[in-house]
């Protein structure tokens, strides 16, 4: 299937496309994503430009987010987002990767598909419901376990997010594990390697990059999550003391945008600052995706044997 | 023999996380099920004006079908270009990257963009159409990736046979490859719908209202949707548990039935189509 | 090959049929439900124009429950009319009315100077219709004290973060950190609260405040968090929290937000809730009739059901 | 007929789901000789040799009954260590399947996981195995190259070397030449002859000439049943069964 029809330079490509209307339409559809992405960047930058010119680096480094006094320092918010997301990943990566290995390699054949579907179903629960569960069941539990005033903390948000990104990590890394050619597995087993030796020496090295990609994808999901986080994170626009205190409330970027966007007057500095935050979020996910892309592309060894 | 017991220990350790995942699922399911008792089923067929949620259900379906109608064709055509035509050059890599990045854009940013671009710049206002376009942006990468995979699964011999009979390139694709890949393409569209059905952040500013009469008669009117309503009911109105559980349950059923039908469709065609079985 | 081809196209056609069926079912059910809604329509002998009009309302989440309930009652009473309600916040209510995006705004505070200026710039006048009376009640978790009395300035100091422990306020109170809960900026409840409690003393809300997006969210937080303090509209006070009696100044009497005290404006943070329009609605139009409906005894009954206070009398446009 | 049996298969039945693939197969395989298993596609050849190192149980829905004795021990006994069994019974697959690692690492993989040696000893094992597989001279200067840089025939010999490195007693070969060109096939066949002096080799093939060329004994399988089993010469020159006669004559297959 890899026979891509023509390998010409760019100008020739366009000439070719002009002479073939159908291909031109196909090309337009394919480049739609690029156009949308650029438009997105353009509009978010445009709406955020006031904040950038008026606030400059304050928007990223400023310590105070006080709408009353027109202070828009995004640092505590960005820090809160990253804190919640890294907590979520710390929980969900080991859980997710172990689960995907267990399902793909160790579980009896008959149970694999049902259990995979059960975990896929976790992904289909809307985030509002996760938020609702977080507020009504998880937060009080956390508060009583740790003896806190309130269960609305970074830790609670991390837990909820971890549950939400689990299906992504399990699904994608499970896919990469089952994409390891069966020949390699058989070769190792026929040499008398045990199941675990096969997993450790053959399957894991080959699916490492795919697993990393699944983690990156999980990161993207987690940092963009809005509604559930808004309901459980506690929403205090301050870096916790000490900064690694997960039992303190934080105010993630997405929660700020969702809460204040509805009320900010169009064109005001507040409105613009919210778009600026959106742009920062956009850039973070963009960077993470690009890194994931590079990692997945740079596979150490070819997959298939050419004869 | 001791190696084998060691291995059993490792497997047990690996198995614990899976059990945790399943326990989490069962826990959430049990939470939802305890709510079922409080739900009055006639709510589903009653107008919101009478305390039901019919408009929200139909509104959600409107949003999903419209978004699928926008993202489906564009996504499939884009996938055909990427699989069949794209030269392996820089431009194709850029398109590839853009699709990956679009998939990673946080839904709140898509919502912000939808609000400024569709609602304000294009003048659609808070409307069904703006919701379609915004949700379509979220579905697009899923549809493209899924269709690409389905197209790549079709053996090259199909197309070569058609080309050998003198068909043009497009004819070969549309007459042999596309039909063979159709189930996979449809599955990807359904998966895309499942992904956005519970989405709140993207339609928060773009297309939803708390209450209105009936359904939008033109695409330029706002619509009531389950996810948005659930959000407002919980967050702003502090609605009673019965109402919350009712909406939660319907939303969960819609999303789950979409995902399940995608899973079933996929495995059904895996069985039916011999070339898929070999690869899968 | 031929067999494969026909096999393939059967599948496409099947897939297409399934998709089309989905669409048909979806839209048909839409039309069906549509006819359900309009089936009660009766032909009216007179005055039909407004019965087919539609208006949109957005703004304060405090007023949202009233507008939501009233819109539902109104639409049920007059089939054919359409009232679209959505939230946002008082700020959004004013700005969308000024921009002409919606017909009626909801607000839980009077307009700020900036909003009045904006309206002037756009050449519109803001018409405010008080529809209900409300008090911003300062509430604490019962763990603080069962009968707490504070002056406005003390409350201000708590919310400004000058007092961080309850024992700072009064040594007899528990020696525990204060958990401060506030509403998001732009909220009318927050605006009203700050106008009476913070601004007179030049205080600003502490960074350590926990932000919540709505009255119910604040209510849930106060109910479940020991040593917490926050403020909610009267309709959101529950038995699981303690309402604080407030005094304007040291030495003045401490006043609870009882119905009489609010209606007589003795309670220091009493306020009207408003509907806002950019022009005086034409008499007999849907907007006019809807506002009349809320002000009618029937509408005021709904206001009370939602936990707010009826207007002492029925004031006309301000 | 075969007295000094290395492998003794008795009443072996294998099902995949509802599909009864091997039906009551019984025969004995002699030590240090080449035994070819031939038959038309789908007759169960591959399943039969995969039953000898219990690789079938990796496939979903597989059931086995009957016994397979190796050195007098039934390998389907509960207390058999399947990993040790697979070490003793090496296997070479239809398509060369080297790991995506260097040539050296491919051969060293087995000794490493079985902790048979370390450091310099592994070097020795690698060299010995590659020499045995007649590959040493071609790769001795580029042991750290990726195994994928080798030609198809070389890859297959590397896979043989990899199997030899764990000191097996029996080597199973599943159509080892079907993916190779004639020149590479000749080399592998010569190698098989040589290996039979020290190992018991069981080779599956649907290439009649190959079976005639390399094997000492030949079994003919048809629709899951063992039709004929004897020394190669008598199977080809004097088949007892009508089916075998027709198959050898090329009337089906």
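Letters A, B, C and D mark the chains in the order given here, with residues in each chain numbered from 1 onward.
We adopt the following convention: a contact is a pair of C-beta atoms (placed from the backbone, for glycine too) under 8 Å apart; a residue touches a chain by one contact, two chains touch by 3 or more.
Because the structure is a prediction, the values reported are computed rather than measured.
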Given chain A and chain C, the chains that contact each of them: B
Per Cα centroids, the chain farthest from chain A: D
Two chains joined by the most C-beta pairs in contact, as defined above: A-B
Centre-to-centre distance between chain C and chain B (centres being mean Cα positions), rounded to whole Å: 33
Averaged-CA centre spacing for the pair chain D and chain C, given as whole angstrom: 78
Mean-CA-position distance for chain D and chain B (Å): 49
Chain A-chain B separation of Cα centroids, rounded to whole Å: 17
Residue numbers of chain B (touch at least two other chains): 3-4, 234-235
Touching two or more other chains - residue numbers and ranges from chain D: 83
Where chain C touches two or more other chains, by residue: 87, 213, 217, 220
Touching residues (chain side chain C, partner chain A) in the complex: 87-92, 95, 99, 114, 118, 176-177, 179, 184-187, 194, 204-205, 207-213, 217, 220-221, 224-228
Chain C-touching residues of chain A, taken from the complex the two chains share: 64, 66-69, 135, 139-140, 143, 149-152, 230-231, 234-238, 249, 251, 258-260, 262-266, 270
Contact footprint of chain A on chain B as seen in their complex: 3-4, 7, 10-11, 13-18, 20-22, 24-25, 28, 31-32, 73-75, 77-78, 80-91, 94-110, 112-113, 115-117, 120-121, 137, 140-141, 144, 152, 154-156, 169-170, 194, 197-201, 204-205, 227, 230-231, 234-235, 244, 248, 251-252, 255-256, 258-260, 263, 267
Chain B - residues contacting chain C, complex: 47-50, 54-55, 58, 61-62, 65, 69, 125-126, 158, 161-162, 165, 175-176, 178-180, 182-183, 185-186, 189, 208-215, 217, 222, 232, 234-238, 269
Chain A residues touching chain D - in the complex, by the definition given at the top: 109-110, 181, 183-194, 197, 201-202, 206, 300-303, 305-307
